[in-house]
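Just dropping this structure here.
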Amino acid sequence: MNLSVQLGGLTLKNPVMPASGCFGFGQEFSQFYDLNTLGAIVIKAATGEARFGNPTPRVAETSSGMLNAIGLQNPGVDQIIKQELPFLEQFDTPVIANVAGSSEEEYVIVAEKLSKASTVKALELNISCPNVKEGGIQFGTDPELAYQLTNKVKNVSSKPLFVKLSPNVTNIVSMAKAVEEAGADGLSMINTLTGMKIDLKTRKPLIANETGGLSGPAIKPIAIRMIHQVRQVSNIPIIGMGGITTSEDVLEFLLAGADAVAVGTANFQNPYACKDIIDELPRAFEKFGYNSLNELKGVVST
Amino acid sequence: MNLSVQLGGLTLKNPVMPASGCFGFGQEFSQFYDLNTLGAIVIKAATGEARFGNPTPRVAETSSGMLNAIGLQNPGVDQIIKQELPFLEQFDTPVIANVAGSSEEEYVIVAEKLSKASTVKALELNISCPNVKEGGIQFGTDPELAYQLTNKVKNVSSKPLFVKLSPNVTNIVSMAKAVEEAGADGLSMINTLTGMKIDLKTRKPLIANETGGLSGPAIKPIAIRMIHQVRQVSNIPIIGMGGITTSEDVLEFLLAGADAVAVGTANFQNPYACKDIIDELPRAFEKFGYNSLNELKGVVST
Amino acid sequence: MFRKEMKIESNRLIALDTYEMVLEGDLVQYIKNPGHFIHIQIGEGTAHMLRRPISIADYDKQINQLTIIYKVFGEGTDWLARQLPGGQINVLGPLGNGFDLSGIQGQTVIVIGGGVGVPPLYNLVKQLNSQFNDVTAILGYQSKVSIFYEKEFKDLTQTYIATDDGTYGYDGLVTDVIRELRFSYDHYFSCGPTGMLKAVQHQLSDIDGYISIEERMGCGVGACFACVCQADNDKGYVKICQDGPVFHAKEVTL
Amino acid sequence: MFRKEMKIESNRLIALDTYEMVLEGDLVQYIKNPGHFIHIQIGEGTAHMLRRPISIADYDKQINQLTIIYKVFGEGTDWLARQLPGGQINVLGPLGNGFDLSGIQGQTVIVIGGGVGVPPLYNLVKQLNSQFNDVTAILGYQSKVSIFYEKEFKDLTQTYIATDDGTYGYDGLVTDVIRELRFSYDHYFSCGPTGMLKAVQHQLSDIDGYISIEERMGCGVGACFACVCQADNDKGYVKICQDGPVFHAKEVTL
């Protein structure tokens, strides 16, 4: 079965990729399986300078999900290009670079640099990290700011630009419309929902940063709803994510209106998650009587 | 151990009550245990006229949660007062009536009628039902509208007024502040998050209404975060809810800043949920070294 | 209605994806008539917040046992299928109102079942027999491999089997069989997919009939209004879990 | 590192809330030295998305077995405690870098453990012994009822037990015992709560030391940056799961 998919100018072998922040820069997971298996690889967020992130603990488990507040720890865009990207060159799998920042200038600089790296085939603009005060969340909740930022970044990038939306908003449709109008080639949705867990023993938030981003199967219904809503008003490609753990979940996201999907938290429970999902996709298609990816596209939205 | 709690003028035996919509008008659950056990009873939403609700299916299971789109089915405020409230009179447990509507006028009429019913000890203003187009959600996402509505309802009600907030907003704090300024005696938070699930066999949303409200343990981290955020700027009582299934969950809500809690979805998995939680509360207090409810209040927020 | 741990006596595959589970426990003493259902908790912890409604297929108060027959459909029934004898499951029940058989004596009765709607009819036929009725059973299945309890029904009464794909018995729908038989009956009792029930309701509209219907449920006890069905009564609706699942065929609009 | 089902050989209570579990499987063949940990999947389905890191307390490549010792702390370890011999658990491992013992031969060594930090020291002492070192073990527990593996350690080497509440052995902290012994050592190895490690790091700052540290983990393999610790190196941090959990005492800032 042909699983390949066109995604804002990229051609992917299949619609499944690891989600940013849950797969590092690929090296660790390459010990488990061949990264050529993947539809694409979304690497960890890059910022202008190195960031050391939030104090620990940075993760906590919740019912069918987890909280994280890594805080965009990364060695900075230059180091990423120099030290991390070369490893990924060997694979015949497009790399999508996640772009973060605290100011418009920082986003623009990071995007410009990454867009020039030959290994990078597309950018994912992270305007939705809830875990850093200056992590871009203001851009992710205000359509005006999102429009401007997308526009500026689009101007300096020669590669397809996916804007990653935050679910922590009253109106996801207006956010999607704003970035589409600003020239986004596609959308990634959803990032994490802001949550908190309290340690009854210490009487303090379990995550040192107090709040963290909620991900995993717990949030899947919210992701499906938001993708469905956005698909009804927009035709640009959507990379869907939020709680995917099985190939059947992938079908659900495609039916809701996603063109491809990203798998985050599931990699922690099962390091083979992406590979297993890809391997099982044909069987899931068969089980529910689908013969091609196109048959699923936006079925529910129309 | 003394579990009693003061809540906006009411005195409750303990801080645990069933959440609106998950306990009907009490009759069914009274077959399982004595309703005198409860701190309070929050009854199902009342509207001006009888409503027949949404088409079925109205519920779906999700990971550690569920979706519902009942659609405010109820016999109308007059019938509720006539046919449902008399049963609840026999119990020494305050009844909190949930008020819904599609227009300001409807809310005001319903609130006025319920506030006059002697069995009703407080009102819960449901400005957050995501499952009915005209279910009040517009009031729950716009601070201006919420302010006005709360104000109008407060004017006609002689009973304490709790406003139930929707989590489907960018800024929960501004919603809380708006209704507090408008005279709310307390807050109930949170209502459900809008979600969706797609049936891979029928290729349609599982819930006939397409979207439904997500509740259960899956959303607990979001509830805790929002209560914590609101507690930092507000001193009015909060009835906390969202995913409570155990007495330890109750402690977490109290630490986050709630004064009492409501249990919704858990009643479906375990019809004795509220009773079990109340019975186990003293042991949970002991386990974590608390001697009174007051010791927990807002510990994390200060 | 009670919430109890029940002990699994047996759990065996009896047809394609279809299992028969025998449960033991006090709850059996409270069953009033055939057609009640039980609401089963799935798994440990809070991953599955909703219980699963399954009809009581048979019960025996003397030995404190009841039987359910279920088809593996999704996560919940898959979990059930993996439970081993000796283990326990948490059950809420008996729920709803079953088939009211008072006054149904010495009459001609037809019972019509489809797929996982067949189970509650098994004990029903037993009781109809004990009240000296002349019972004909028509049972529809998808295919030969899906058939269960054929012998059990035939041991009780005259039974016709139909399969959708014609791999066994009559090739067609239960309504086709009814049409071919062309007998007249005093009453009918039916349980199965909504499509089948509608067709039966229509075909046998001049006979006194009772149908058992399904809907996705929350509480299972009448408190959440998840399982309503339009009905010809004062309120305009019934709650399947509390007022049903068995209704007079004239009462509900499918 | 591999993800494998391992068979539970035994699972028994050995002290208050503390269990010893023996696991069998090929994964054992890949263990390099004491101090590695395994990352254990909890429950069925997706209710628990994070694995639980537990140190390897002992292992035997000949019989393909490893031992873990864990304390019931929350939902995950509670689930572990309920697993029965004959069952399987899903394990990711061996993870991290253990204690590097190359060159540590014929020396005086002190190993200091606290609570659930004691387990990885057990196989460590075995290997230190096999390299002809003179080993002293100081093990701290909360209370008499929490003590485990006293005999096992005493069978290997000179062992001092301390309890926080003085109900057994030395009444006080491991650092008090070290102070009283006043011997000099060539190396120390320690694992336990952060507070204890800090105190040991401080007290034995002039000795070559190695500590094994804990942090809440996501992936367990170095990809998610959940488990970083400030360190005196180029990057300014280490990842405990990948670079550790064992570090030179001078490298990390607790």
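Which chain is which? They are A, B, C and D, in the order written, and residues in each are numbered from 1.
By definition in this document, a contact is a pair of C-beta atoms (placed from the backbone, for glycine too) under 8 Å apart; a residue touches a chain by one contact, two chains touch by 3 or more.
Just so it is clear, the structure is predicted and the values come from calculations on it, not from any experiment.
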item	value
Most distant chain from chain B by Cα centroid	D
A-C against A-D, pair bridged by the larger set of C-beta contacts	A-D
Cα-centroid distance, chain A relative to chain C, in whole angstrom	46
Separation of chain B from chain C, taking each centre as the mean of its C-alpha atoms, in whole Å	36
Whole-Å gap separating chain A and chain B, where each centre is the average of the chain's CA atoms	34
Overlap residues in chain B, where contacts from two or more other chains coincide	63-65, 216-217
Chain C, residues touching no fewer than two other chains	45-47
Of all residues in chain B, those that touch chain C in their complex	21-24, 27-29, 31-32, 44, 52-53, 56-61, 63-66, 68, 70, 73, 75, 216-217, 245, 265-272
Of all residues in chain A, those that touch chain C in their complex	63-64
Sites on chain A touched by chain B in the complex	62-65, 67, 141, 168-170, 193-198, 200-201, 203-205, 210-212, 214, 216-222, 224-225, 228, 243, 248, 251-252, 255-256, 288, 299-300
Residue ranges of chain C touching chain A (in the complex, touch as defined)	45-47
For the chain D and chain A complex, residues of the former touching the latter	1, 3, 41, 46-51, 76, 92, 215-229, 235-237, 242
